[in-house]
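Going by the order they are written in, the chains are A, B and C; count residues from 1 in each one.
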Amino acid sequence: MTREPLDTGADLRELVERLYPLCRSITGDGVRATLEILGEHIPLDVHEVPTGTQVLDWTVPQEWNIRDAWVKDPSGRKVVDFRESNLHVVGYSVPVAETMPLADLREHLHTLPEQPSLVPYRTSYYAPTWGFCLAQDTLDALPNGDYEVRIESTLDDGHLTYAEHVVPGEVTDEVLVSCHTCHPSLANDNLAGIAVAAALAQRLAARKPHFTYRFLFMPGTIGAITWLARNTERLGKVKAGIVLACAGDPGSPTYKRSRRGDAEIDRVLEFVLAGRPHKVLDFSPYGYDERQFCSPGFNLGVGSLTRTPYAGYPEYHTSADNLDFVSTEAMEDTLATLGEAFSVLDRNRRYVNLSPYGEPQLGKRGLYDSLGGRSDAKTAQMAMLWVLNLSDGEHSLLDVAQRSGLPFDSVVAAAHALQGAGLLKE
Amino acid sequence: MTREPLDTGADLRELVERLYPLCRSITGDGVRATLEILGEHIPLDVHEVPTGTQVLDWTVPQEWNIRDAWVKDPSGRKVVDFRESNLHVVGYSVPVAETMPLADLREHLHTLPEQPSLVPYRTSYYAPTWGFCLAQDTLDALPNGDYEVRIESTLDDGHLTYAEHVVPGEVTDEVLVSCHTCHPSLANDNLAGIAVAAALAQRLAARKPHFTYRFLFMPGTIGAITWLARNTERLGKVKAGIVLACAGDPGSPTYKRSRRGDAEIDRVLEFVLAGRPHKVLDFSPYGYDERQFCSPGFNLGVGSLTRTPYAGYPEYHTSADNLDFVSTEAMEDTLATLGEAFSVLDRNRRYVNLSPYGEPQLGKRGLYDSLGGRSDAKTAQMAMLWVLNLSDGEHSLLDVAQRSGLPFDSVVAAAHALQGAGLLKE
Amino acid sequence: MTREPLDTGADLRELVERLYPLCRSITGDGVRATLEILGEHIPLDVHEVPTGTQVLDWTVPQEWNIRDAWVKDPSGRKVVDFRESNLHVVGYSVPVAETMPLADLREHLHTLPEQPSLVPYRTSYYAPTWGFCLAQDTLDALPNGDYEVRIESTLDDGHLTYAEHVVPGEVTDEVLVSCHTCHPSLANDNLAGIAVAAALAQRLAARKPHFTYRFLFMPGTIGAITWLARNTERLGKVKAGIVLACAGDPGSPTYKRSRRGDAEIDRVLEFVLAGRPHKVLDFSPYGYDERQFCSPGFNLGVGSLTRTPYAGYPEYHTSADNLDFVSTEAMEDTLATLGEAFSVLDRNRRYVNLSPYGEPQLGKRGLYDSLGGRSDAKTAQMAMLWVLNLSDGEHSLLDVAQRSGLPFDSVVAAAHALQGAGLLKE
């Protein structure tokens, strides 16, 4: 099956725009529709896990679907309408068909008093309730009287849906890229991340990568927990990972370290981001699914890449996280950053100098400029000397690049030249 | 026996004032009188160690007592008088009853030329001599002629006196609080320390502490050496300790690290003092009895808390270290600081997350707010997530508080809640 | 045989001036003549290693000697003349006797276009070629026409020549001081280094040193590789070393760390240089023969001392590195710095406190001021307390000096006093 390429920023934006209207939650048909569209770009293994399945300390909940929902004021006018924005209904709201005075209704209405024109995003996955989200301005304008309330949702035994996409590498050791797929009409959080991940998968497949890259599209928390529960034996193969979210807002990139703090992925991302505006944060057990990957029992080398970090922008979890908030350039930059990071990760080997006593004579192997006395040693020669000096089995090429200050590509080229001359082995 | 409470700053000041006139030294009745007054507030085990007892590399010296001492000028006027201030006599002066010209007397007179109005504090415990201390101004005004000199002291076989007070805890592991009791009329050094220690013992007893707290009131150097020599087998039980001195001057607190530098007591004191004016000093083998506790053979986790550090104020070891120099507020603050530090120390446990794979579902245990989507995670919830994430047996609750930036009390409360839910064990 | 003393800066300068005109290379009679003059000051073991000898990854090359070389312009005037400066001939030039147009000759001419008045220094040890070095200004003035070119050199089987000088110490553990001897008329690089090394050897011999000091005078790269190949079994005895170069330029001292970065020699040099203008650089695998000593297989604790570092001054490897560039004061300062460094190294022992439980009673051993109460503890007493406290077998006297902030000499004196009193053993 031919897949649609995601080659340009416009392609990324178009994908985000198609996914935006869908009403996603941690289960349900909105997720399935999302994965179907995504499947037009990259092949997906879609997993359906039945309600009631025990996953680690959790249980897969009932499946939630919603057809319609609204609130009518005493005059019969729809003042809150799910069809206008799926943010208007609290996620996992149980069905309701009642008429009640405004005072009673208020207990089910959520607003943002400090951002009175915005609609908040709220959910209640594990406590059966119902509710509507609306602008404080809307609420303030509601007259007293009896309101008709309708939520046409279903909460039944069904499935939790997530998908995997694998880019096979030279080795079966894996790098995870995980995106949450459970947020409804929130563009940066996380449609931008989903789009960037899909484009990244296409680019990785185009170059045969060293590691195997496994992309995970799954609902936050319960999805990661489900995947971890079902893949415990695979985890020994996981060498690194990135939780990708908020990939499109106009802020500069933020890397949040894994719980280990000095995992290889941490060093790679910090290396790639150095020299440009960015932030590096220490791990904290809050945010996206790095919480699960970095729980102490797993403690995987998984960090998180965002633009502005989790909950760090006023549009976060509001109706202002819309298509206007997402920048094509930011998505392209996030994509390029991860492309570069994985290129470093893929080539970051440890070598052993096979001629470690004194310098080997590079000149007789054609690796060294023959005319001595000049002080302008070339980058290529310096890179060879550095690789030889630090290739003691303990230092990686990233170590060499960092200690020498030389470009990573030069260090890799030097290692390959030296390996070609029989002076280095992996 | 009912003990007098030391509840208020006024109580602390009154105790300092009662102790101030007594002529203490490393042995003798001044120490006994001091301990008797102290015993009105906390029960004391008073130990009398005979002269000649070998203690580590040292020998308990003869006991020194003094009834009177003076210098009369050629006109018969007392120009230096022990009864005015016990600082006037060099500690451990041998008896003398002579008449001598001023020129000869000068060799026995000690002044502070740069602080000409102050009387210095001097001792000569281990070299038999005698001497007087006086203001340079006084010395400068002395006429030539013959001076009558009298020191009515005794240096005989007797005892070295020190006292212990124990606040029993849940466990027999001990925390030491050590104060030197050998200085005569010097208020900050160390009557303020003695008073604060006694009040601290009362407060600790009022809350049943986790550790057993052992308070030591003993002469500097020889007292600590004597206690260490007699308690070598107990030292394995000593988890931490504080040498408390200069607890009442107006300076901000100074914590001097143990020789280890990263002992638990070091981390606790630095944590408690953070965010307010204070100093932290590295260990040095000079100062108070931390010198002995931190000698390389013992190397105990014992730091030192003072206000202005040892020898760091111009009043140090002079007649200006008097009752006016000691601030009630400073004593109260020192008391509060140690109370807080020991409260942290007592609760600074290491836990193990019993559900370490992924996050446990806090919501179903009533530990987590059910409404999702909001970004204002509460302190209590963050504390639970942090405790779960770091409870791998390696991190203590203090580690959690420091890494998370959350209040220690919140972290402890989270640990207790999680333990109550069966998610954590100690 | 009596050796000429190098007592004064004038002696150092005179030695540099005598060595300056000689045409040194990595082999040949210029090196031998250099060592002969050096031998007037310190006895040398001169080693001759035959051409073709395998040394580590390298082979000792043919021996190069040169009698004369010149270029005559179309009018028969010598425009480049080896007899004016040996820098005019590319080192290891094969013999040539040809006439050729300027256009063809240009391929064999080396200049420094950005320093048009200076003659560069160039070599081609391992690729047979020939060439001349000249000022860009000279080149620009050459008329077109046919040039007569003559290099009267020989490249034959012969020997590589290097020399050793040993100052025996109390122990056979060795400290290396290595100087390259292969540069022709370049004064700072490395005649100043050779002169300073010779004077240092004389001074070390005058005080019986603790370590055995081995001075190596050998051609760069191939010389160090030859020595290492022939002394592999000795290397276990090498406790430290310094590669000494550029010892006379007016810059302040630069210490380049060994590959280990925290070898004892690194700590000693940083200690000695602290508090005066200087630079400390991390190891890099480029520069002088520290490249070989610090190759990963050997990884010796060998750093490098220069004034302005390798290639760090515009006169580097040009005719401007002449006698005027070398400062007598700088050579004296380099000599003094190394003298002090080796004095610290020689005395930097680890001791064990034989009375580690509490402080030993210094007073009864006459080591402590008997009058107590004063706050101005003397340096000698503080040094004794520090040495006792840190002499746990893990800390060296340099550690004590650094942690205490006390002068190293005071710390050493304290250790000797304590050892004399039976309180310390090595």
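Basically, a residue touches a chain if its C-beta (ideal position, glycine included) is under 8 Å from a C-beta of that chain, and two chains touch if they have at least 3 such contacts.
Here the structure is a predicted model, which means the values were calculated and not measured.
Enquirer: Which of line, ring, star, complete or other matches the graph of chains that touch?
Expert: complete
Enquirer: For the copies chain B and chain C, give the interface type as same if over half of its residue numbers appear on both sides, and as different if under half do.
Expert: Comparing the two copies, chain B and chain C contact each other through largely different residue numbers, since under half are shared.
Enquirer: Could you work out how far chain A has to rotate to sit on chain C, using CA atoms and steps of 5 degrees?
Expert: 120
Enquirer: How big is the gap, in whole Å, between where the Cα atoms of chain B centre and where those of chain C centre?
Expert: 55
Enquirer: Can you list the residues on chain C that touch chain B in the complex?
Expert: Touch residues, chain C against chain B: 353, 355-361, 363-364, 370-375, 377, 382, 385-386, 388-392, 403-404.
Enquirer: Which residues of chain C touch chain A in their complex?
Expert: By the definition above, chain C touches chain A via 56-58, 90-91, 120-127, 129, 221, 224-225, 228-229, 232, 259, 282, 284-286, 291-292, 294-299, 311, 316-317.
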